[in-house]
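Read from first to last, the chains carry the letters A, B, C and D; within each, the first residue is number 1.
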Amino acid sequence: MLIQDASRPGRRAAAQSPSPPTTLPDLPERFRRRRSPALPEVSELQAVRHYTRLSQKNFSIDTQFYPLGSCTMKYNPRACHALAMLPGFLARHPLAPDAHGQGLLACLYELQEIFKEVTGMPAVSLAPAAGAQGEFAGVAMIRAYHQARGDTARTQILVPDAAHGTNPASAVMCGFEVREIPTGADGDVDIAALRERVGPQTAGIMLTNPSTVGVFERGIDAIAATVHEAGGLLYYDGANLNAILGKVRPGDMGFDVIHMNLHKTFSTPHGGGGPGAGPVGVSRRLEPYLPVPIVERTEQGYRWLTERERPTSIGRLTAFGGNIGILLRAYVYARMLGREGMPRVAEYATLNANYLFKRLTEAGFEAAYPRRRASHEFIVTLRREAKELGVTAMDFAKRLLDYGFHAPTTYFPLLVPECLLIEPTETETKEELDGFVEALIKIRDEARTQPELVREAPHSLPVRRLDDVRAARRLDLAWRPTSNDGES
Amino acid sequence: MPFIPHTEADTADMLATIGVATLDDLFDEIPAGLRAGALDGIPPGLPEMDIARLMQARARADGQPICFVGAGAYDHHIPAAVWQIAARGEFYSAYTPYQAEASQGTLQLLFEFQSMMTALTGLAVSNASLYDGASGLAEALLMAVRANRGVTARRILVPRALHPAYRRTLTTLVASQGIELIPIAFDAATGQTPLAAVEEAAGGEPFAALVLPQPNFFGVLEEVDALTDWAQAQGALVVGVVNPVTLARLAPPGDWGTSGADIACGDVQPLGIPLASGGPYAGFLCCRQDLVRQMPGRLVGRTLDLDGRPGFSLTLQAREQHIRRAKATSNICTNQGLLVTAATIHLALLGQAGLARVADACRANTARLVDRLGEIPGIAPLFNGPTFHEQALRLPVPAAPLLQDLIADGILGGYDLGLEYPELGSAILVCATEVRTADEIDEYAARLRRLIEARGTPT
Amino acid sequence: MLIQDASRPGRRAAAQSPSPPTTLPDLPERFRRRRSPALPEVSELQAVRHYTRLSQKNFSIDTQFYPLGSCTMKYNPRACHALAMLPGFLARHPLAPDAHGQGLLACLYELQEIFKEVTGMPAVSLAPAAGAQGEFAGVAMIRAYHQARGDTARTQILVPDAAHGTNPASAVMCGFEVREIPTGADGDVDIAALRERVGPQTAGIMLTNPSTVGVFERGIDAIAATVHEAGGLLYYDGANLNAILGKVRPGDMGFDVIHMNLHKTFSTPHGGGGPGAGPVGVSRRLEPYLPVPIVERTEQGYRWLTERERPTSIGRLTAFGGNIGILLRAYVYARMLGREGMPRVAEYATLNANYLFKRLTEAGFEAAYPRRRASHEFIVTLRREAKELGVTAMDFAKRLLDYGFHAPTTYFPLLVPECLLIEPTETETKEELDGFVEALIKIRDEARTQPELVREAPHSLPVRRLDDVRAARRLDLAWRPTSNDGES
Amino acid sequence: MPFIPHTEADTADMLATIGVATLDDLFDEIPAGLRAGALDGIPPGLPEMDIARLMQARARADGQPICFVGAGAYDHHIPAAVWQIAARGEFYSAYTPYQAEASQGTLQLLFEFQSMMTALTGLAVSNASLYDGASGLAEALLMAVRANRGVTARRILVPRALHPAYRRTLTTLVASQGIELIPIAFDAATGQTPLAAVEEAAGGEPFAALVLPQPNFFGVLEEVDALTDWAQAQGALVVGVVNPVTLARLAPPGDWGTSGADIACGDVQPLGIPLASGGPYAGFLCCRQDLVRQMPGRLVGRTLDLDGRPGFSLTLQAREQHIRRAKATSNICTNQGLLVTAATIHLALLGQAGLARVADACRANTARLVDRLGEIPGIAPLFNGPTFHEQALRLPVPAAPLLQDLIADGILGGYDLGLEYPELGSAILVCATEVRTADEIDEYAARLRRLIEARGTPT
C-alpha cells in the first residue's frame, strides 16, 4: 500500500505542525493555490509504521552481504553518521559567516589535506556533489586549461570502451567529442590503438585504474607518456580507488586530475542511491581551475574561498558548498583509518577479491580474465551456463537474493557476456565469502536439476520478478488522486 | 584494524588458498616504481572515542546563532521520526535499487516521493531527485533545450532576481554546452521581473526557455501567469524554480498561465533536510508528461510482478548514462536518495494541512519580523511587490558591519544583498520561519535598534 | 546464529576500544582473572548486521498492530526518545550537584505537578522504576501509615481474583497476607463478599479500575466507603489508567495511593519488556512516606529531596533517582498532549475498544461481559470455538501473527476460559481495526475448514511454534564455549 | 489531536456502529459525580517543535562538566552503533516477548545477554535483567534467603564498604520481609572488609548470606577468596556485587574461593548505558545452576520449534507473579529490555579484548589521576589496600566547598565521602575512565592545586 492510499481527508500527525497564526498577511488571489496538493493525510503512527516496514523490504549492507561490483558496498560506520549529525553541524546556515564555522572548516581543510596525501595530488576541491559531478569538474578543468593556453583545437576526450557510462557522458556535457579506445584481451588498454587515436585533437584521456574489468592497468606508464607527449591530460576516475588506496597514488601514476567517490572508498552511506560526493584532486597546472568553494587556512583561521578569490575557477557546481554532511562522514572515517588504515583497505579488499576469485574458479566458474590478478573486484562470465542450461547471469543474480545475498553487478562491463562483476570489499569475513561461494555452487546445481526454480527466482522476497518492459511501456510514474490503481 | 574482520589465521588461510605468500604479493602486477610510501601527511588512526570527542568539540565551537536568513536554505522544524527512520540501516546503507525485488523499500518510497512532488507542482512527472536546486535547474535547462524542438536557439532568459548562487551554478554547468544565459533585469520598485524586461532581454529573437523563480530571490512574487503565457507564445518553454513549502499556498507551476509551466524544479531542503552548511540537499525536477523522455536522473515506475502483484522498478533507464553513455540525457548517476527518504517521511508526517500551516506560520512570522524591524527608523521594505516569506529591507547604515555585530550577539540577522547586488545599497534579505518565536523576533528587533542607534542618526 | 557462534579468536571491532595504556599499575595475582571471559569476538559490521537483522524478527508497535490487552501498546512518539537522549541529559552523572541539573529537575518537577493534576492526588514521587515497584512502594506506604499510628493488627491486603499477578506478589513482598475478593458475573467486584472479608485486620485493598476484565467498577463509591470505614486504605493499580485519563481521577474516586505505568498511559517505550517507570501519587495522609527522591521547587531553584530531608520516607527503591530517562520521555509526551489531550486519550481508546467490541460481537464472537460497556479493552472468549472446532484461543493468537497482527493477551484474566483480552489503544485507525476483525473472521473460517492450518500456526514467522515444555524441562539458558549446540 | 488518527467521519461512523451519540456516552457507566473537570493545572498541548525547543534549552542548561566521579555510575565510551540499533522501532516498541514466534529478535538477544553475563561472572545462569544494581541486590538477597535451606535465620551480613545507596535500597526493599541486615565494618587502614570484622558481625550466629562487593565502594579489592570460603563454611550463601567492566580483568565471582560465589549481581550501566542522571540502568543477576528456580525476573531458554529448528522463549514462568501471584519469586514484571539491548550490542562490539582494554585504560587513567593529585601537598590515598579503577583520597581542606568550586569550573571532581562516612574526615572518591584524557587529568590537578593553595597552607 502506498502512503497515499492510507490517506484520509482530515487526518493529521497533529504534533508536527505549528498552531495556525492568529493573523496572516494578505496573499493576493492571483498567486494563491486553488486546490490543496494531494499530499497524504495520515497519523504519525501510520507514517512511522509505513516507512519502518518499507525499510524492511530493502537489502542493505547493514543486513546482507552486498557484493555489487564497482559500488564498494563496505560497512558504513555508524559513528560517521552520528558525528556528522551533531546539532552544531546541522544547525549552521550555509550563509553563516566563516567565523561561525571554524569547527566545520577545520574538518574540511584537514580532509583536503588527507586527500592530497593519499592521491598524490597537490590541490583538492571538495565541491563536487557526486562522482559524476567530479568527472564534469575534472573535464571542465582540462578544457579550461587548454583554453587558457589558447589550445582550442583539442576537441576530443579518449575513453576506453570498458569505462563507466559517466565518463563519456561527462565529456559530452563539457562539450567534448568522445573517442573510444578498445580493451585488449588481457584487460589492459590496447596501447597500439591508443597511439593511433591520440593527437593534437586530444584534450585528454579518462581512465579507471584498476579498470572496470577488475585489473590494474599495467601499461599506465606508457599511456601517461603517450597522452602527455601529445599534449593531452590524464583524468583518473576514482571509482575503483578502494583497490589501491594508500598502495599506489594516482598522482604518482602521472594523472593530472582525479575524482573520488566518497560513498565507495570513504564509506559514506549509499542511501538508496545517494548522496555521493566527488572531491577532485589536481596537479599544479590545473589548480587555478578547481571548482569553488575551497577551504583555506590563514593565520586568522579557516575561510572559504569562492569565485571572488578564485576568479579562474571553473565555478560553482551547486548552490552552496556541496554535500558537506557527506564530507564530514568521510572525514570521520579517514581519521579512524589513519595513515596505517588506508593501505590496509586496499590490501584486504584485494585479499577478499582474490580469495573469492580463486574459490569460484576452483569451483568451475569461468573468469573473464583468468590469468590476471584480481584487484578489489573481478568478473565471472556465465556464458557457458547460459548456453548449456538456459540460465542467465540475471537468473543467478535473482536466485542469490533467495539465499540472502545481494547480487553482484550484472551485465557490466558490457564487453563481457553474461557477466557478474563481484566486489566483496574488505569489511566482509571469510565465512561470508565462503557462504557466497556455496550459494553459487548450489544455484548452479539447481540450474542443472530444476532450472525453472532459478529462472523464476526470487521466490522469498516481497515481490516476484518484476515486469520491466511493462514498466517502460505503460508508464506509471506517480500516484494520482483520481486513479483507482491504489491496489498496490 | 578498524572495520577489517580478518584474524591472522583468516589472512594466512586466504593467502594460502590464493597461492601467494604475503598481502603485498597481491599487488604484483603494479609497476614497482609506482608503489606509495608511508602516508606521513595523514595522522595515525583514532578510535571512535577520540574522533567523537574532537567532532563534538568542533560542532560545539560553531555555535548555533538564531537564524533569520533564508536565501535558499530554510530553518524548519524536522520531526524526530524523520531521521530516526531515514537513518535505519536498510535505507542508509542500500545502493541504487538495481535489483528491484531486493529494493522495494527504496523504490516504493521514491515512487511516493515522485507522487508528492507531482502533487505539489501540479505537473505530471517527477524524477527521483538531483543533487540540489541549483544544479537541478541546470539539468532542467539542458532538458528544456533538448526538449524544445520548435526553437533551435540555445538562448535561455534568466532573471537577475533568480538566486545568485543558482545563476553562478548555471554558468558553470550549462555555459560549456554552448548555451547562452541572458539576464533579465528586475524592477527597482517592485522587485519583480516585469514583462517589459523579459521582452527586452529576449530582444525579439527566439529563445529556448524562460526561467521563472516564484517567489524570486527577494521573496517577491512574480506575475507568473502573464510571463508564462507570453513566453510560451514565443515558443519557449517555461522553467519554474519553486520552494516546495510555498507550494502549499501558492499556485503550482502546473497552473501558471493558460497551460502551466513546462518544467518545475527547486530544492527539497525545506522538507526535512537540515541546514547543515549547505548540503547534502536534494533537487527535484518535474515536467509535463510528454517531456518525460528528456528527463535526467532516476525514474521509478510501478509495474507488475510474475504473479500480477504491483511492484516498483527503475524505468526508462535507456535515457541514462550507464546505458546510453555519450548520448545520455545527463551524466548524472546518483540521486540524493537518503535526503529524499527524509523528505518523503517529512511530507507524510506533515500532510497537506501541516504543510499549509508551516507556510502560514512562516508568512506570519516574517510579517511580524518585518513589522518590528520596520519600526526602527531608517528600516523599510526595499520593494513594494507582494512577498511570501522573505523580505528585502533597506538599512540606514552599512549592512556588513551591522550583521557582524549581530552575529557576535548570536543572531544571524540577514543576507547582505550588497554582496551580489551592489546597486541596492545597504539592504538585507530576512526570513523568519515557523521555528522562530515572537520573543526571538522581538529580541532581534531590540538589538538591531540598539546597534543602529549606537551608530548615530540614520541618514 | 548466535553472536557467540560468529566469534573468531582475535577478531575485533577495533575502533571501539582505546589503545592499550603504556604503563599499567600492578594488579596482585590473586585478584586476577585467569581465563578471558568468552565474549563474542566479531567485527563492527558483523555486530551491526547481526542485531539489525535480529531486530527484524520482532513484531513491534512501529511495525504491526499490537492489541495486547492490559499493555496499552500505543504509539511511542519518536520525539520523546530524541529529546530524552539529548547529550546534555545523557552526560549528567547521577551524583552531580542539583545546580548542574536544573534543566532536568524542572522537567521532573513539572511532571510531578502534571501527575498530581491528572490523578487528583496531592503528592507524587517519580522514584519507582516500574509498575511493580510502584505497587511495592504503595503498599509499603500503607504499611508505614498503619505502623505510624500503632495500628499493627492490619496484616491483610484485599485483592480481587481478577487482579494482575503483581498485586498479590507486591503485597507479599511488603509482608502482608493476601485475601482474594471474587468478581461478580457482571465483572464488578462482589461487594457482599468484600463486606465479609473486610475488618480490623484489613490494611487496604488493591484495585484496578477499569478492572482487568475491561469494565469500570461501578461500585467504586461503595467499595471506598466500605474499606475506609473499616480503617483500610485504597490502592489504585494504574495499569488501566489510559482508559480514564483526564475523565475520572483516582483521587476523586477515594483512592489513597496510585501507581502509574508510564510505558502504558504515558507512552514510554516498551523496549522488549522494559524499562518501565511507576510513579506513585498519594493522599495527604500518605505523603510523609513517599519514596525518595522527590523534586522540590525553592526560591533558589529545584532540588532533590532525599532520605535526609524526608526521614519518614519508606526510602529509596533504586540506587539513584529511578528511571529518569523514561520520566523525561513521559514528560515530553504529557506536554505534547497537554490538558486537552489527556481526556482525548481516554475517549479515543474507549471509542476504539467499543467499536472493535461491537464489530466482533456482531461477527458472532462471544463477549465475556456482553452487557457491559467496554473500557479501553475487552474480553472475547473462544470457548465455543475451542469446544466445537478444537481450535483454542492460543491457536487464534498464533494464526493472527500470520496475518501481520500481534496477538491479544491470551488466557488472562484467568477467570475467563479461552479468552483474548483485546486493547486497541487510541492511536490505531479504524481501517486497522477493521482489518483485524476481518482477520479474526477469516481465521474462524479456517478453523472450520482447515483446522490444522490454525493449530499449527504461525507459518510465516522466523520460527514455527516453539516447544515451551522442552524449554522448561531441558533448560538451556546460556551459550557455553564448550557446547556444540551452536546450530541455532 | 496529536497521535490520534480519527477523522470526524471516522468518529461519527464508529459511534454509529457502537450505537451511541457522543464520545461521552462511552463513559455512561461511570458515576456522574466522579467525572473530572478541566485539568487547569496542566498547560495546553505543545507541538513537537515547541517542546523540542524547551528540552534543548534545558539539556544545554545542565552543562557537561568533566566527570571524575564513578561511585556506581561510570562515564564510558558508547559506540555510535549501540543506540542507533537499540532505538530501532522493532526493539524500542516491542513488548515483553509473550508471543515467542513474533519476538525472536528480543528473545535471542536476551539469550545472548544471559550468555555474556554468565561468561563474565563465571556462574551458570543469568536472568534477563532487573531494574538496577541496587534493587537487583535486594532481589538477590531475597533469593538467597529462599534458596538457603540450610540456614533459616533471616540475617544477612552487609559490608559498610558496600555502596551506601545500595545499602539504603536494601533497607527499603528487604527489611519489610523480616530480614535483618547486619553491617560489617571496614578496616580504616586498608579500606577492606577484614575477615575478623565479618566474624564479629556474624557474632557466632547463623546467617543466610554474606554480601561481597568487588571492588568495594572505595574502589578497594576485597580478599574475596578467603571471605567466600569462610562464609560458605558457615552455611551461608555468598552474593557478589561486581562491576562488569572490571570482570574483564578481575577473577569472576564464579571463581571466588574454593567453590565460587553462589550469586552475583551488579549494574549493567558501564556496558553501553549513558549516565543520564541515574537511570534507566539495568541490574544483572547470575547464580549457580541449582538456584535457578529461586531466580526472580525473566529467563529466556533455547528450545526447538515444530520443525526441530532452534528458537527462544521465556521459560520457567511458573516462578513469576503472573502465574504464581502471591507465591512468586518476586513481584517483578518488567526487565530493563531496552538497556539490555544496548548492553548486548555494546559487549558484542567490544568483545573480550575490547573490554579488557577499557578496563586497563580506566586503571591507567585513574592511576595517572591519583599520581597527579597526589603531588598536591596534603592529598594522599585514604586507604592502602589494592584498588582497581577508583580511589579514595584524603584532602587537606574540607571537601564540600572544594568540590563546589571545581564544579563552577566545569569539573565534577569526586564524590564527597563525608556525606555517608563522616568518620573519614575530608575525603573524596575519584575515578578516571578511559574517556578522560591526560590533558583533562592534568587540568584537574592544576585547578585543584590552585584552589587548595588559595585556601592557605594545608594542615
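The rule we apply is simple: a residue touches a chain if its C-beta (ideal position, glycine included) is under 8 Å from a C-beta of that chain, and two chains touch if they have at least 3 such contacts.
Labels paired with UniProt names: A, C = Probable glycine dehydrogenase (decarboxylating) subunit 2; B, D = Probable glycine dehydrogenase (decarboxylating) subunit 1.
Please read all numbers here as calculations on a predicted model, not as lab measurements.
Asker: So which one's got more C-beta contacts, A-D or C-D?
Answerer: When the contacts at A-D and C-D are counted, C-D has more.
Asker: Can you work out the whole-Å distance between the CA centroids of subunit A and subunit D?
Answerer: 46
Asker: For subunit A and subunit B, what's the span in angstrom between their mean Cα positions?
Answerer: Subunit A and subunit B have C-alpha centres separated by 20 Å.
Asker: Could you give the separation in Å between the centres of subunit A and subunit C, each centre being the mean of its C-alpha atoms?
Answerer: 47
Asker: Provide the list of subunit C residues touching at least two other chains, using ranges where the numbers run on.
Answerer: Residues 8, 10-13, 15-19, 42-46, 48, 52, 56, 61-64, 74-75, 77-79, 81-83, 87, 336, 427-429 of subunit C touch two or more partner chains.
Asker: So which stretches of subunit D touch two or more other chains?
Answerer: 1-6, 10, 47-49, 52, 56, 77, 79-81, 84-85, 87-90, 434
Asker: How would one label the connectivity among the chains shown: line, ring, star, complete, or other?
Answerer: complete
Asker: Give every residue of subunit D touching subunit B within the complex, in rising order.
Answerer: Contact set of subunit D toward subunit B: 47-49, 52-53, 77, 79-80, 84, 87-89, 434-435, 437.
Asker: So in the complex, the part of subunit A that touches subunit C is made up of which residues?
Answerer: Subunit A residues touching subunit C: 6, 8, 11, 15, 43-46, 48-49, 52-53, 56, 61-64, 74-75, 77-79, 336, 427-429, 431.
Asker: Quick check: in the complex, which residue numbers of subunit D touch subunit A?
Answerer: 1-10, 47-49, 56, 79-81, 84-85, 89-90
Asker: Give every residue of subunit C touching subunit B within the complex, in rising order.
Answerer: The contact residues of subunit C facing subunit B are 8-19, 42-46, 48, 52, 77-79, 81-83, 87.
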